[in-house]
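Both complexes below contain chain A, partnered by chain B and then by chain C.
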Partner chain A sequence: MSTSLISPAERGYIREGISTGIRNDGRSRQDFRDYIVNLDVISHSNGSARCRVGYGTDVLVGVKAETMLLDPTQPPNQGKVVCHVECSPSVVRRWDQRTADDLNNNLTQFLTRCLNQYGGIDLGKLCIIPGKACWVLYVDALVLDFDGNLHDALLLAVRGALFNTRIPELNVQEVDEGEFDFEANSDPEAAQPVPGWEKVPLCVTLNRCGEHYFVDATATEEQCTEAKLSVVINHLGEICAVQKGALGAIPHQMYADMIQSASHLVTQLLSALDERLQKEASTNLANQNGKHVSTFIRKNFH
Partner chain B sequence: MSRLELLSPEGLRVDGRRANELRRIACKQSVLSDADGSAYYEQGNTKVLATVYGPCEPRNKGQALHDRCIVHVEFTVAPFSTSERRQRSRSDKRLLEIASGIRQAFEAVIISTTYPRSEISIYLHLLQDDGGNLQACINATTLALIDAGIPMTDYICACSAGYIDETPMLDLNHLEEASFETPDLTIAVLPRSGKATLLQMESRLPADRLEETLHLATEGCRQIHKLLDAAVQENTGELILKYANAI
Partner chain C sequence: MQDNEYAVVTDKKEISTATPGEPLTSSAKFMRGHGTYIENDKVVSAVAGVVEQINKLVTVRALKARYTGEIGDVVVGRITELAQKRWKVDVNSRQDAILMLSAIHLPGGVQRRKSESDELRMTTFFAEGDLIVAEIQAFFADGAISIHTRNLKYGKLRNGTLVKIPPALVQRSRSHFHTLPCGVDVILGVNGYIWICKHTPLEVVEANPENIYSSQNDAISETDRSNIARVANCILALSHQFVHIHETAIVYAFEASLPFAIKDLLSESVANEIAVETKSKLQ
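This part shows the complex of A and B:
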């Protein structure tokens, strides 16, 4: 993805490390970098999270819930999820504008696919008045810093943000025969979590390098891989989406193996993430009386 | 009058501050790893992230100047930053205006002749908007430039002030800014010499009140300078410790 140059010697060194199973930073092929997920970063949104993988890749996701009047072209008893991913200009400066637009589009489509149809969120429950009004969840992701493995970081942050999201309660009143009116309850205690957030899938990207494949590539490692396979899997182990990236190909016999190990990794990743989210939410709650320290000012890694 | 009461009879504002009080400021340098310099700046609920790259070869080589560097500023607003979700295009005139204002202000303090034929890029992200974007951006940029080690003659500290109900008010928030007919003035000051590098005002203000309001804003800049300086010293202290441990 990156266009910066890498010398043949360095490429050889990294590939050698991958095939012997000890990478540049001491990880094995199946090891993830340490990551952090901070919740409630943006107080103006209904939910937000910032995910930072290693010291590099940094994704900020804000979720806004807004009511919308349904028009006849839409399904009458469903809400909507609208996704948008944007790489910050400081990230895209390594590419030209067109490559950056392509990347933004690809990531937006990828996220839309992951969240919309079988993405876990219960769209039926986002309907307010069938045929008239529904909730729209705007999931906006901002890539602040890049050091490889954007897809995985993106979905980690999105799951965190949806876990953190609270949708205000609505009081629906019948004003006239068949005519309804609704009003948001401003009490934050009455707000509800996103229906089905726990079913939102996670992604594991496997990078092929020779006969081996490895997870969580850094930006330099991504330059040495032949092909990437992003596998999106939910908590039941169902595969929700698969996307092959980068320029090379993946031999047929490798696929089954890759997908199997991806589903194994996602199960681990999911339980670890949910544990972190619960912990983070409880510390946030404890901090509410004291002063809330912003994620950018906190010392996250020790 | 049906207008929202911005100043209570007891002299308190909508968020409980007095007229001459700043919002809570929190800032930190070196928040991102990839950039040459970065800073996070928070003033009340307004949150800005600034990243600086450079000096490096200009991306558009035709723009290079033979005797000094060029400064490139880009300002983006996150769609979730405002209370209503709004997506802004890159060519939004309001954003371009802020970016060019910041560029002009900083071209005055960066010692640009040190880096001929090169470019310094400043990227600003508004993560949350609660009024006073311009001042927050300028203060964040100062921190990020210092973090990147770019030579400057002085800090630039910016502060806004307004004039509501016959009272000059420091550091307007979104509610105060958005209310009809509030004069809103932003000044950026070089704290050592006291000179202004940027001055913008919107709406009307009685001419004899300008002096008073300007004075209040400048006083705000002084306070902000102290806070920025403390953040820079803390960060430098940490850096020195890191180097000392590494040796």
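This part shows the complex of A and C:
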């Protein structure tokens, strides 16, 4: 627990830094830390990505596509997305077990809501045979390291992983009258991208500190804020979800202002991320000509 | 069995590194030291680090290890717990260091009267979460570090920011308190915790003895604040490039960093550039 302690002098220094616009690492209130996104880091998944923000927060996301027989309680012509977020034990070490469980649940629910209801993934196209079978996308995220701003990093990695995901093509045949059967095409060339991945939203978390708010808080900065507002926005600028964290309140006037600037920031973040993803995908393709090396290891020991 | 079958032939001229599980030599000829174990008659490395040999004893010094104290070391630590007549302090060591109530400097240098009320007032000196700078005084029987702050240079820290780096990068030197030309004080804790704060002349500290346990920051100008941020980022940049941290290195890195914006110093390319320039100036 020692890492979550902070002295009054440190807190005062950080808060004053935020109000003057010079934070402890020299950033202004609107500056993000540099981040890296690596694609295709887990070989046995349909798609994966790892996002590292600064030298701290590190999220690994894997997507696995599986076919599932629909039971009558489910909507007959939809697939579904199942999310799970877990913090690795090396991260949990700094909190007690209960805090860690709460955080896992919080993030899992946050991600489930983001992807199933407003996430842009075309669930209708994930249906294979109406009323019989559909695709399930298992989106599993593992938090490898923590230095604040987990929600934003999580959605960056999830968008990367869904961009990277390829779903195998299925050949559906009619066996009997009204009876269908399907078979997966093992050719990787024939695999399809996730329908609607480009509509997957990104998140910007704004932290309130006194009269001001700022983005991309480090773990210590998060300890000095009254309230957090995670705003999830898609490529069209539509707000998909808003979640308030921490114990404090947000003044009415500031709230409107925060939403405004969040939508502005997400637009920038989104176009920058997509550019990186395209670049990363093309370098991965070029590297594939060489012999296969585990990308997870290769990329992180540069 | 031939010794040169192993990755590490103990030739003293070369520095050899080992990874966990790497066989170092045969156990028949050598003794296993710290950071090694014996498996199938071989001495195997248990950590990633540098292989060292003294006569027949083979040890591996880990690259990233917790801090091991020595008497006289200046350390920066954080109070984690209050106990009977003592504070427990996190100093990045295997166990918390201990600061006895009798080992602190009371305001005005008065003698402590051992009384119960005195123990009840402990939080007015140091509370949980406070950062302090102290010196290692002794070790307890179980290996725990005992520290003291019985000097005006030691005590509670304020007006600045903490940076954590691997302890191996801070070398022991004559002084660990430095004032940089840019008007920033740096305290290089041997335990890898570095405190960077606004410069306060010693006369001012001596003139206001009641301030030594204050948790209130002084007014800090924007120039001071950006200089502190720049020094902090320079130290982090150097440590990411595995450069030893000492006063000269920080000054050179600070000069090399001036063309860049403070927030860009942590990007890998800029950090590398600064480290290269610092290293070339140091030679």
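Here is the rule we go by: the second predicted complex is superposed on the first by the 287 of 302 C-alpha atoms of A that agree within 3 Å, B and C clash if a C-alpha of one lies under 4 Å from a C-alpha of the other, contacts with A are read in each partner's own complex, and residues count from 1 in each chain.
Note that in this section contacts are C-beta pairs under 8 Å (C-beta built on N, C-alpha and C of every residue); 3 or more make two chains touch, one makes a residue touch a chain.
Just so it is clear, the model here is predicted, and its values are computed rather than measured.
> In the superposition on chain A, see if there is space for chain B and chain C together, and answer fit or clash.
clash
> Contact-wise, after the overlay, does A:280 reach chain B, chain C, both or neither (first, second, both, neither)?
A:280: touches no partner chain.
> For A:216, using the defined touch cut-off, is the partner it touches chain B, chain C, both, or neither? Pick first, second, both or neither.
In the superposition, A:216 contacts neither chain B nor chain C.
> Based on the superposed arrangement, let me know which partner A:42 touches: chain B (first), chain C (second), both, or neither?
first
> Output check: A:55 vs chain B and chain C. Expected answer is one of first, second, both, neither. What do you get?
The answer is both, since A:55 touches chain B and chain C.
> Determine, under the contact definition given at the top, whether A:24 touches first (chain B), second (chain C), both, or neither.
A:24 contacts chain C only, not chain B.
> For A:146 in the superposed arrangement: first (chain B), second (chain C), both or neither?
first
> With both complexes overlaid on chain A, does A:93 touch chain B (first), chain C (second), both or neither?
A:93: touches chain B, not chain C.
> What is the contact status of A:138 with respect to chain B (first) and chain C (second): first, second, both, or neither?
first
> Name the contact category of A:66: first (chain B only), second (chain C only), both, or neither.
It touches chain B, and chain C stays clear.
> Which region of chain C runs into chain B, 75-83, 237-245 or 255-263, after the two models are superposed?
Looking at 75-83, 237-245 or 255-263, the stretch of chain C that collides with chain B is 237-245.
> Check chain A for residues that touch chain B in one structure and chain C in the other, and list them.
Chain A residues touching both partners: 55.
> Could you please specify the touching residues of chain C with respect to chain A in the complex?
Going by the criterion above, the answer is residues 78-80, 90, 96, 128-131, 156-162, 215-217, 220, 222, 225-226, 229-230, 232-233, 236, 240, 261-263, 265-268.
> Enumerate the contact residues on chain B facing chain A in the complex.
Residue positions touching the partner: 26-28, 31-35, 40, 42, 45, 47, 49, 51, 53, 59, 74, 76, 78-85, 87, 121, 123, 125, 127-130.
> Touching chain C in the complex: which residues of chain A?
Interface residues on the chain A side: 1-2, 5-10, 12-14, 16-17, 20, 22-28, 31, 33-34, 54-55, 302.
> Going by the contact rule at the top, pick out the chain A residues touching chain B in the complex.
Checking each residue of chain A against chain B gives 41-45, 48, 55-56, 58, 60, 62-64, 66, 84, 88-91, 93, 138, 140, 142, 144-147, 293-294, 296-297.
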